[in-house]
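Below is one structure, written out as C-alpha cells; the observations come after it.
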Amino acid sequence: MARPNLKSLLRLSQFAVNLNLNKTTQLTNLSKSLITQNRNFSTSKIIRQDTSNNNAPATKINFYVEEYKDKGYMVLKFNKAPVNSLNLEFLTELNIQLDKIEQSKDIKGVILTSHLPNIFSAGLDILEMYQIKQERGTQFWTALQETWIKLYGSNKIFIAAINGHSPAGGCLLAMSCDYRIMTKGPYKIGLNETLLGIKAPFWFRDTMINTIGYRETEKALQLGKLYSPEEALAVNLVDEIVDANVLIQKAEEQMVKWCSIPTVARELTKSSMRRDTVSKLIAQRESDTQSFIEFTQRDSIQKSLKGYLEAMKKPKK
Amino acid sequence: MARPNLKSLLRLSQFAVNLNLNKTTQLTNLSKSLITQNRNFSTSKIIRQDTSNNNAPATKINFYVEEYKDKGYMVLKFNKAPVNSLNLEFLTELNIQLDKIEQSKDIKGVILTSHLPNIFSAGLDILEMYQIKQERGTQFWTALQETWIKLYGSNKIFIAAINGHSPAGGCLLAMSCDYRIMTKGPYKIGLNETLLGIKAPFWFRDTMINTIGYRETEKALQLGKLYSPEEALAVNLVDEIVDANVLIQKAEEQMVKWCSIPTVARELTKSSMRRDTVSKLIAQRESDTQSFIEFTQRDSIQKSLKGYLEAMKKPKK
Amino acid sequence: MARPNLKSLLRLSQFAVNLNLNKTTQLTNLSKSLITQNRNFSTSKIIRQDTSNNNAPATKINFYVEEYKDKGYMVLKFNKAPVNSLNLEFLTELNIQLDKIEQSKDIKGVILTSHLPNIFSAGLDILEMYQIKQERGTQFWTALQETWIKLYGSNKIFIAAINGHSPAGGCLLAMSCDYRIMTKGPYKIGLNETLLGIKAPFWFRDTMINTIGYRETEKALQLGKLYSPEEALAVNLVDEIVDANVLIQKAEEQMVKWCSIPTVARELTKSSMRRDTVSKLIAQRESDTQSFIEFTQRDSIQKSLKGYLEAMKKPKK
C-alpha cells in the first residue's frame, strides 16, 4: 500500500463518521497481523475488541486491546478508520478505557498506538466544530478535557508508539504520554492549529512547553509547525525514532524498563511533576469550554471551516 | 572599512548624543545602497525618513523605514550613529514607531535591523545613568519599559536581522522579536550587565529565560556572557546565522513564511505565550522604576560609571 | 587502587558511621598529595582540619579546608569515609562551614569536592531513615533543608568538582552549585530516589528542573536515572567533563573567571535567579518535614529499608 500524505489523510478524516467499516475485513486483518508478527510473548495475551459504547453501531470497533497481565501492561490500539479522528463518541469510549486502566491493579502501563496504517491520530474531528449546536459542542469539549485530564494526569505509565501522522489532537495524545517512540518515514507530528485558523487551547500549549520547552513551543505554535520524525527527535518532541518493523518491540522494551521501577515511588514522582499543570485546567474547565463555544461560533471561523470542508469534498487531482 | 571591535564601539557610544551627523552624506549613502542592492521587489516600496520627534535637531535621522505594503511588512532600521545607543529621545521615537505599527492594518510584521555597519544596538546609553536627575531617570526608565512592553507584547511579527554587535539592551530588543537571524562575523550578543557592575532587571531576565531557558540564563547573566554568533546559535539565543550579504534576504524569506499563517490565530497564540511575562512588569512598573533610580544613585555605581566614562575619554592606544 | 562500583560504595556507606578512621593515615596521605601535586599557587595557602562539631570523636575529620585568601576562594573537601554519606552530624558540620563562608569577606567562592577517591557523595545516609525516632528524623531533615537553603540560596560562587559517584543527595549538592565539572570515568550522577522506593522531595525536583529542564527531569526522576559523565554533559547536568588529573585545576580556572565578575552585580543577579525557588521551601519547611517523617514511618518503607540493609550486610560474591 502506498503511503498517503497528510493532506489526503486530513481529507479523508472529514467523512470518517459516515463510513461503515467492514468488520470482518478488519478482524481478519488483525488476526493475520497478530499471527504473522510473532512477537515472542511468553505471557498470556488477552485480545479483546472493545465496544464500551453500547450505542455504537455493531460494525464499529474503535479500540483493540491486548493485555499482558503477567507483564503488567497492555496495548491500546486506536481503530477508528480512516484517521482516528477524535469525535465525541470516540473520546467517550477512550475515557471509559482510561477509567478501566486507572482502576486496574494488574496494569501498570499502556502502549498507545494505532491499528491503522500511516496514522496515529489526525486529532479533533472538524465536524465537531462545524455548525454544531451549543449542547453538542459543550459535550464534545468536555469529553476532550476529560481525556487529557485522565491521560496527562494518570499515574500509570503511558508510552506512545507513533506509527504515522500525528497532527493537532493526535500530537496532544502523544505528548501526554511518558515516552514517545515514532516510526521513521514521511510522517509529521505537531500542533498545527494556527494553520487551520484556530488557536490551540492553553492546556495544549502547557503540555507542549512541558515537552519541548518554552522557546520551541513559541515558534512551533505560532507557525503551526509539523515536524518530521528527525526534527521531532532533535527538539525532544519524541524520545526515539525507529524503523516501522521494530516500533512495538521497542515500545515494549521501554515499557519493561519503566515497569521495573518501584511503583509507589514512581507514581508519586509523576504526580508531583504533572499535578500543577492538570490543576490549572480543572480550575477553569467551564471558562475553557465557553471559550471554545464562542470561538467556534464566530462567523469567520464557520466560514473558514465551511471553505475547508468544501475544498475536501472536491476530488483530488 | 575595518570592523571595529565591541570595546571601541562602546567607547564611541558615550559621545553619540554629541555628534552631529551629516544628513546629506547619510541620505546619499542610503540611496546608493538601495540602488545597488537590487533586492528584486516587485511590490511598491515606500521609503521614509522618520523624525517623529519634532524637537530633535533637523540633522538627526534615527530611523529609516521601508514599507512593503503589498507584502504586508516593513523594515525598520536603527540609524543613531555611532552605535544605536538607547537614550530617552531614541526610545521615545521608537515607541512612536511601535504605536504606528500596532495600529497599521497593512503591516503584519517588521524586520528590525540597523542601518549602521557592525552594530545592531549597543544597548542603554550610559549617559542616561550618570549624574542624572530623578525626573530624567524616571522618564528614561519609563520609556524603556514602554519599548519592551510594546515590542515583546506586540501581536505583530518581529524578526531581528542582527547585523553586528548586540550587547545588553541591544540583546533585549533582539530577544523580544519572534525570530532572530544574526550575521556571521566577529560580533557578540548577550546580556553583559554584570560586567558593567549592573544587575539586569527582572524582565530582561524573564525575556532571556523564555529564549534560552533557565539554566543557560543563570550562567549567562552571572557571567555577563557575550556570545559569538555560533555560540548564540548553539543555545538558541539566535535562530539562524548567515553571511552578511544575505541577511536581509533571509529575514524577508522568514517574514514571508510567518505572514502566510492565518493572522488571527497566530496573534491569539503569540499573546497566549507572552501575556503573563508582560503582565508581570505592568503590575510593578513603579517599583521597578524606583529600583532603577535607587540603584543608579548609589555612590558605588556613580563612581564606577565615572571611572568607566573617564577611561573612555582617553585616546585609545 | 581499583575503582569500586556504585553498588559496593552504597554497600559501604551504611556502615560509615561505625568506622573509626585512622587519623594519622589520613593526614599523611593529605600531606603527600599536597606536596606531590605541585599546584603552583603563589598565594598563601591555609590548610585546616575542620572539626567544628566538638562532640565528634577526635579521630573524625569530616572536612578539609584549603583557603586561598589572596585569590578570594577556598576548597572544601568532604572527608567522611567511606562515601561521604549525609547524616545529621555531617550536615550539621557542613552547615557551620556554610555559615562561615557566608560571613567571610575574603572568600568569594568555594570549590566543593571530595577528599575520598571515586566518590563525591553517596547522598543521604539510609540509617537516618531506618527505625528512627521522630525527634531524630525531624532534626535530620531540618538539617538537610538547612544545607540546601544555605547552599542553593548562597550568593557566593560554588563550583562542584565532582571526582566520583554522585547519586541522590550527592547530586543535589552538585546541582546546588553554580558550575559543575565532573571527572570522566565509570561514575554516575543523578537523582535515583525512585530506585530505592522513595520520592525525591519537591525541592530536589525544582533544583533539577532549574538545571536540566522540565522534560528531562520528568524522565530522570521517574526512572531514577543515573547518568554517566558523558550523558550528564549532554543534558547539562554537568557543565564540563575532564580527566581526573586536571579536575581541580579546571575548577580553579573556572573559579578565577567567576571571581573576576563585579561582585555586587553578580550576587544580585544570582539572588534574582534563585530566590523564588528557595522561598518555596522556606514557606513550607514544616509540612515538608512532616511529609518526610510520615513517609519514612510507613511499614512498606521500613520493610523495604530493612531488606536493603540486610542485603548489604551479606558478603558480596
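Labels for the chains are A, B and C, by order of writing; each one numbers its residues from 1.
Here is the rule we go by: a contact is a pair of C-beta atoms (placed from the backbone, for glycine too) under 8 Å apart; a residue touches a chain by one contact, two chains touch by 3 or more.
Just so you know, these numbers come straight off a predicted model, no measurement behind them.
Copies chain A and chain B of the same chain sequence form an interface built mainly from non-equivalent positions, shared numbers / all numbers used being under half. With angles rounded to a multiple of 5, the C-alpha fit of chain A against chain C returns 120 degrees of rotation.
For this pair, chain A with chain B, the centres built from the Cα atoms lie 43 Å apart.
For chain B, residues touching at least two other chains, in rising order: 213. Residues 193-200, 202, 205, 213-219, 221-224, 300, 304 of chain C touch chain A in their complex.
The residues of chain C lying in touch with chain B in their complex are 178-179, 209-213, 236, 239, 257-258, 261-262, 264-266, 268-270, 272-274.
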